[in-house]
Amino acid sequence: MPKFAVIVFPGTNCDFETVSAIKKAGGKAERVWYKQSLKDFDGVVLPGGFSYADYLRAGAISARAEIMEEVKALAGEGKPVLGICNGFQVLTESGLLSGALRPNKIPRFLCRWVYLKVSDTQTAFTQFYEEGEVIRMPIAHAEGNYYADDLSKVKIAFQYSDEKGSIVEEANPNGSLLNIAGISNEKGNVLGMMPHPERASDKWLGSEDGLKVFKSMVEYAKR
Amino acid sequence: MFPHEEKLIKERLGREPNEVENAMLEVMWSEHASYKSSRKWLKLLPTKNEHVILGPGEDAGVVKFDENTAIVVGIESHNHPSAVEPYGGAATGIGGIVRDILCMGARPIALLDPIRFGPLEKERNRYLFEYVVKGIADYGNRIGVPTVGGETEFDESLDSYTLVNVACIGLMSPEELVHSYVEESGLLLVLVGNKTGRDGIHGVTFASEELSENADRSAVQIPDPFTEKLLIEATLEALKTGKVKALKDLGGGGLTCASSEMAGKKGFGAIIYADRVPQREPNMNPMEVMISESQERMLFAVRKEDLNEITKIFEKYELEWVVVGETIEKPRYIVYWGDEKIADLPIDLLADVPTIEWEAKPYSIEKEVKTPEISVEEALIRVLSSPNIIDKEWVYRQYDHEVQGRTVLKPGLDAAVLKINDEYGLAFVSDGNPSYSYLNPCHGAMSAVAEAVRNLVSVGAKPLALVDNLNFASPERPEVYWSFIETIKGLRDAAKAFDLAYVSGNVSFYNEVGNKPIKPTPVVAALGRVKLENITTMDFKSEGEMIGIVGITKKELGGSELYRVLGIDGGVAPKVELEREKKNAEGILKAIELGLVKAVHDVSKGGIAVALMEMALAGGVGFEVDINKVPVKGELSPVEVLFSESQARFIVSFNKEDLEKLRELFDEFAVIGEVKGKILLFKNKEEELARLSLEKAQEFYNSLPKLLGEEE
Amino acid sequence: MKWKARIIVRLKEGLNDPEGRVIGKALKNLGYKIDELKVPKYFEVVFESDEPEKEVEEMCKRLLANPVIHTYEYEIESLGE
Amino acid sequence: MKWKARIIVRLKEGLNDPEGRVIGKALKNLGYKIDELKVPKYFEVVFESDEPEKEVEEMCKRLLANPVIHTYEYEIESLGE
């Protein structure tokens, strides 16, 4: 069974539920303090939260931590690396994914459920979804407004949409370019997303749509 | 401190206290720390039953959820600091209550924020509102504790002031409980967390004085959620070792309060080496160090041989720590500054503060008033667009209410529900009705409890326990003190009727501005237990459902939202009939258990009209009701029927075939209409009283951003 | 008349400053010898007014700063008509 | 040698600035005639270095600014030994 490191930076706060979701999806998972090593892991998840309290810019300080060198190496080997919310911010700040996550168009924290269209099923994290499938998950962030001057090095994985899957402005909660909610690198083994799949992995919490992100990741890591 | 207290201290001590001792006694003998004006009355509250593991007396109460699960719960006010610096005041209020929960050994899992302000028309009130919310959001979100509910109320009497209460719950297994007191001498006292600055040097005394115009900066602090989050994780990890002998957070009264209570509670003493405390500001003196209220600090008691193991954990989280003292056999409280002994007091002198009983003078302002002539339609629009009724989405969308992955029922419904295990959830809600309390303190207090219970049962939860937060003006005012005593009696009677106990609470006196007392404001937070599959919500589910009302409607509009928007101060406040409340609540639980109802919502602020509208908007479907079918007592006009705030009432929707079974469950039950179309339609027999499209109602309901001047 | 004000809002001396501390520490971790780092709030405001000084002073008092915890300073430059 | 750097980090031209817009709007609501309000980030750093220019440039590049969205400028003042 593949084993995932859920990296805990000072201020990370979605680590426990992310570990649970990975386990539910059939993987092994451990919380790994950011000063520990990533040896022996088959993949990495950078969970949500407020590492370093989001001081300076969300994800900026964590992105400069030494452990990110190991994450880069692991990504280079083709192992899966998933960044959720703050984890996505860490991925862009560290250059593992291009672009930047800017303050929401209404510059405050926003916690609500959204619809997402799955735009790319050829990634390590989306292979169990149908192309164009519409799923529901919560977002909870103040800096999720994706911006890039060049989209040539990324693939769009998830987009904010309406219930029917149309990518319309009204469905865009934060001002993100092209309603982008998640992107991956060209190889599809590094993915960042603002919505929280771990919060949509239990029927009692409103949806199990997010579980497939982890199932896909576990399956991918088995190869 | 009052002169007679100073005299008493001198007598007990046999000498004048020195400057440092005096400062320490001053904070410990303050109203805020000693509860000297309230203690006697608080004893009236029921605090024990089969659900209670630990009642009032420590930092938070502990409730049994099931054999393996205990819930820690507490409530706290941060009114004065928030009125001076709303952002920092509210944020540090969250920090304080979270540490109270943490220091019982539990992981904090949810927050509620009952907050109250003056009218939004005024700039200062908007400023206070926006920054209180931002403070709560920034702190709660960053420490990863979801804010899952609360209250937001606006009232003329709070102009330029704010009441910020926060309740928190934590989760642990019962054997993880740690106490705030030591039971042996020779333990090391370890101070962990932020450095100590000149924060809140007059904080404790400040909270017990009326707000003066130029409150200085010592009253407010810069919140540091980053350190708080590290403290949470480090503390929980340290507790796992089983080697923490006692644990307390530093709050009001700072190091003096935390260490003297920790040592003295079971008769031990302490030596404190004050000069070892890491200082944030240059040249602090011993007095400042001892009573500083700098935030994000905790005090651990550990055995010498365990120090290394515990402090390694602090270092992992890059938290500064220091052995600041030790516990001793002799019941004295001794402070050193370098080699110099700067204080030496009998430890019980700090904690053993005599009660004060102020003069109490009843007042009676309730009297019948005539409801002005106003059409149902106009009343509807005025009430639906009142800031007290409209959707608080603007508030709770700023709060991460999903973090930790437990939030089953999110904010915006009758009560929040957190998933505790695969079968059961914990419901959590807060309520307070100062407008009723003002007219009738006893019934106002009872209504806070009754409404909390109604909110719990509306989602299918069986009430478990209560906490209370009593926000009052100066107890030295005879009318205020009387209203305080009446409030306690109301809280007592209501809890007893429901077989509930208060496991923790807080009293905040001296809430006045410009020499005007605030209304008596008891706030109650309640916990309940719900089977996940029984969880019920207030949204109408589908067209064709029948709409029923449980309970009797009387002419009780004093303190109602209708009277408020019409500017009527008087009237007769709703009276709580505890037997009826209990019966109807039990009926609702039964109906839910039997699967007889589709939607349930309690009737509270804004009466039947608002309850129906909320159910329709939540479900995205309209209704048609005939108010003539509403069971009433007395002569009521249609407007009064719709906007009366009589207690013990619920609206339910259900399928026709379940009608007879439902009737059997309640003494007072009537069918008043059906779920239908996209219109909210109020009729009196055949006469149409008002009709409002869902769209229009939604527009009123969502008007908070506009009131804040946000929409372009 | 048009004006441009540059406003700096600082925390009063002695107050806890977690943000400055955390960012300063992050720079230290990158190898720099940081004695102190502060992150005052900084605003650049272009506005029209007949009494620029008075209005900037007011803006600070009413919204941009809270005199209980902040001090502020500003420069105002004329941008002509 | 000790130095004090004042660093301003701005959004690149053309990027919208939701934070500045909202504060500007709030000031407008209070009655001021605001044409534009910006909230660049501002840092004051006291540090020791033999190559202050080079190090400040690095601090900006490595941490304080994000080149995707920011430009930066700074002044360095000597504080002596």
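Order as written gives the chain letters A, B, C and D; numbering starts at 1 within each chain.
We adopt the following convention: contacts are C-beta pairs under 8 Å (C-beta built on N, C-alpha and C of every residue); 3 or more make two chains touch, one makes a residue touch a chain.
This is a predicted model, so every value here is computed, not measured.
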(message) Please identify the chain with the largest separation between its CA centroid and the CA centroid of chain B.
(response) D
(request) Please work out which of A-B and A-D is bridged by more C-beta pairs in contact, and write that pair. (result) A-B
(request) Compute the distance, rounded to whole Å, between the mean C-alpha positions of chain B and chain C. (result) 36
(message) Need the CA-centroid distance for the pair chain A / chain D, whole Å please.
(response) 29
(request) Measure off the straight-line distance from the CA centroid of chain C to the CA centroid of chain D, and report it in whole Å. (result) 11
(message) Could you pull out the residues of chain D that touch at least 2 other chains?
(response) 26, 30, 62-64
(message) Where in chain A do residues touch two or more of the other chains?
(response) 52-53, 55-56, 61, 64
(request) Mind pulling the residue numbers of chain B that touch at least two other chains? (result) 123, 225-226
(request) Enumerate the contact residues on chain C facing chain D in the complex. (result) 2, 8, 23-24, 26-27, 30, 32-49, 55, 59, 62-64
(request) Write out the stretch or stretches of chain B touching chain C in their complex. (result) 84-85, 87-88, 123, 127, 194-195, 197-199, 215-217, 219-227, 280-281, 294-295
(request) Would you tell me which residues of chain D are touching chain A in their complex? (result) 15-16, 18-19, 22, 62-64, 66, 68-69
(message) Quick check on the complex: what are the chain C residues that touch chain A?
(response) 18-19, 22-23, 26, 29-30
(request) Would you mind writing out the residues of chain A in touch with chain B in their complex? (result) 10-11, 13-14, 16-17, 20-21, 33, 35, 48-50, 52-55, 108-112, 138, 140, 196, 198-199, 201-202, 204-206
